[in-house]
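Consider the two complexes below, in which chain A is the common component and chain B and chain C are the respective partners.
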Partner chain A sequence: MDSVRALTLIVTMAFLVLAMPAEVALGHGVELSVAPHESIEVNAAYEAGEPMAGAQVAVFAPGEPAEPWLRGSVDEEGRFFFVPDSDRPGTWEVQVRQAGHGGIVRIEVEPAGVVEVTGGGLTPLQKALMAACVLWGSIGTALYFKRRAV
Partner chain B sequence: MIGIRTTRMVVLLVTLLAGILTFAGCAAEGAPEPETPAPAAETSDTGLLVFAADGEEHAREGTVSKEGWNITFEHAYVTLADIAAYQTDPPYDVDADGWDLAYDHMVSLPGEFTIDLADPASDPAILGEVADAPAGFYNAFSWHMVRAASGPAEGNSIVFIGTAEKDGETVDFTLRFDQELAYQGGEYIGDVRKGILDAGGEAEAEMTFHFDHFFGRADKDADDPLNTDALGFDPLAALATDGVVDVSLGDLKESLSAEDYARLEDILVHFGHIGENHCIAEPLE
Partner chain C sequence: MHVPDGIVPVSVAAGGFAAAGGVTWLSLRKIERAHTVPRNGVPKASLLTAVFFMASLIHFPVPPTSVHLVLSGLMGVVLGWYAFPAILVGLFLQAVMFQHGGLTTLGVNACIIGIPALLAHRVFTLRTRFGARRRAAGTAALGFVAAFVAVALGAAAASLLIVTTVPAHLDAVVERTAVTALLFAHVPLGVIEGMFTAIVVLFLLRVQPGLLEERF
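This part shows the complex of A and B:
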């Protein structure tokens, strides 16, 4: 029964760094520019591990708890990616729900990146894993920009 | 040092003299009355918190069980008491905090309420309201499901009365559950966000009851956890005599298989939600 009732929302970091030059000029006057961003990945699954494929997602920005800043749905593997507005530090909330089951996870975002994640039915092991992911994200960011500076 | 003291004295005297002259001048010109303190802001720091219960469309419009029974409810009574809403910061997390609920504000709704969640008007059923609830985000709730002291559900916490039809077979059912339970959960999760009470405004504190957990859903795969964990209606239809099944929880304990009865006990524990957010629950006795 608990496999149905409980679900787990796991938040990790992902880096959307596309393997393209910073600017690309194409033949008909189109210019594409690419910038690396740190994204947040939410993994939504029932406790038994089954992904909540297709579940609805609502993201709430700090200070606006009533209206979603972003709506979407998780993919077949239960994943949802978003890039929070770096100009809006504070607690970002992500609700995931599907067919009578839902959960919420809170992500503390500061200009330097994610600093804390709470909620989502996380076990201590998952929290430790998440902390490692956030740490990895910070190191990754530092290494990326260090490489860029060389 | 003496020079500094002298200077300070001079400045003080000049300031006092200027103040006296200014006051005298204003008085001579008929200065307005001293300003009274600014009135308090028109908006108070409280609002209207409405307590409600919802059985969703499965209760009001009926549902199709995992085996294909077309179930409609004539009545679906639940009796609730000791209802409270809380503002918590950091937000209460049912999985992490368990029964430990630390809150900044609590608003309770006194009384015992027997409501019919199958009533088309129960969309949702309004239990009562508190007019002077502190403004803020009510993101935790608790209540008891208790045996009704009187009325159509007397002696029971849940009573389902309805009809199930499948392949030309009709079963009229009355299911009476006397299990009393305490529920506690976090914020409402649904298509809109509820519980945010602005000063001078109105917000809803909703308890939600998931009927599909009892019977499952035909529109879900058979191996969907919702269906594998649901009792369904076949075990109840098997108890019918002349197309009627009228049973109590005690009867079902005697009649159902041990596996099905354990499933039913678990369903009762997980019947109450906050929108689609699950609660923790435990028997009151």
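This part shows the complex of A and C:
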């Protein structure tokens, strides 16, 4: 009779130990797995070239312009990495902002992966050409209004 | 100092357009009343618009950030009431060509940069109080002060606007710290623009004093 009672006690205790929360019971086991993913790198720099270190980033998932899907900040080199959820295809928007400066880039994501990135800067040549056009327009305007009435 | 698209709420952008429209109307009316041939001022305004447009491409490093020339003070000092429409056109071109500033914030930016320019002109007109002997020194000094005031007021107005309209999804404290840093970076810019404006007005006083006679 005593041995039966002792056995019951042991079984009950074993159950109790096993029924404890998993984190406690299996606290030493850590499983790390690695899977390659196509991540997006956002580079944020001011026009003069220096990185927007510490600028705040908000990532908006398609169809959800009000609440950011992810928040973060760019690193010292002005970079920010994230992996968009490929189950949510559409236009993802990444907004970078620091001290009222900032911009938005749009990334087209399809189930197969990233397709297209829109929103980029101009080359120095394009800039110079546009500046020259404006300059010439202004000089032309000045000359036009300067001419004497006939 | 140029507020880009998507930073301020729609109501602020609309208010900016309303205010800029009002000041433009006022400027044009004042120009019409003050000049018998208003178009005579257009060549000067046109050339300074080009200078204003190009100025924003010139950057100065002020660690940890960098600032660019605005020249709102110079515009106001030399152009008087012509300054506001000229700045409006310059900002429009900057927004369209270089995405510097934005079309939705054109009104807001015109107010931030244009109204201090008009105030700078008011400051500069105080030079008539200097006697003929101290005319040059007084003109240079007031050119400096007018340009510094224009930069300081513009930077302060832009900072205030940005800080008070931080969207909920951003960390307001981080943004405020960054804005404060940028605000102080405009102090050296004010000095640079002040010196530049002083040199320009001294030069104009020597070679073509008539160009500085724009009146309110």
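Operating definition for what follows: the second predicted complex is superposed on the first by the 91 of 150 C-alpha atoms of A that agree within 3 Å, B and C clash if a C-alpha of one lies under 4 Å from a C-alpha of the other, contacts with A are read in each partner's own complex, and residues count from 1 in each chain.
Definition applied: a residue touches a chain if its C-beta (ideal position, glycine included) is under 8 Å from a C-beta of that chain, and two chains touch if they have at least 3 such contacts.
Note that the coordinates shown come from a computational prediction; the quantities given were computed from them, not determined experimentally.
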item	value
Touched partner set for A:101, first chain B, second chain C, both or neither	both
Touching partner for A:48 - first (chain B), second (chain C), both, neither	both
A:65 touches, of chain B and chain C: first, second, both or neither?	first
When both partners are placed on the shared chain, which of chain B and chain C touches more of chain A	C
Chain B versus chain C as contact partner of A:83, first or second or both or neither	neither
Chain C-contacting residues of chain A that also contact chain B	46, 48, 50, 95, 97-104, 122
Chain A contact footprint on chain C (complex, rising order)	3-4, 6-7, 39-40, 42-44, 46-47, 49-50, 53-54, 57, 59, 61, 64-66, 68, 93, 97-100, 158-159, 161-162, 169-171, 174-175, 178-179, 181-182
Touching residues on chain A, where the partner in the complex is chain B	1, 3-6, 46, 48, 50, 60, 65-66, 95, 97-104, 106, 118-122
Contacting residues of chain B [partner chain A, same complex]	90-91, 93, 95-96, 137, 186-187, 189-190, 193, 196, 210, 212-213, 220, 225-226, 228-229, 263, 266-267, 270, 273, 275-278
In the complex with chain C, residue positions of chain A that touch it	46-48, 50, 53-56, 58, 67-68, 71, 73, 95, 97-104, 122, 127, 130-131, 134-135, 137-139, 141-143, 145-146
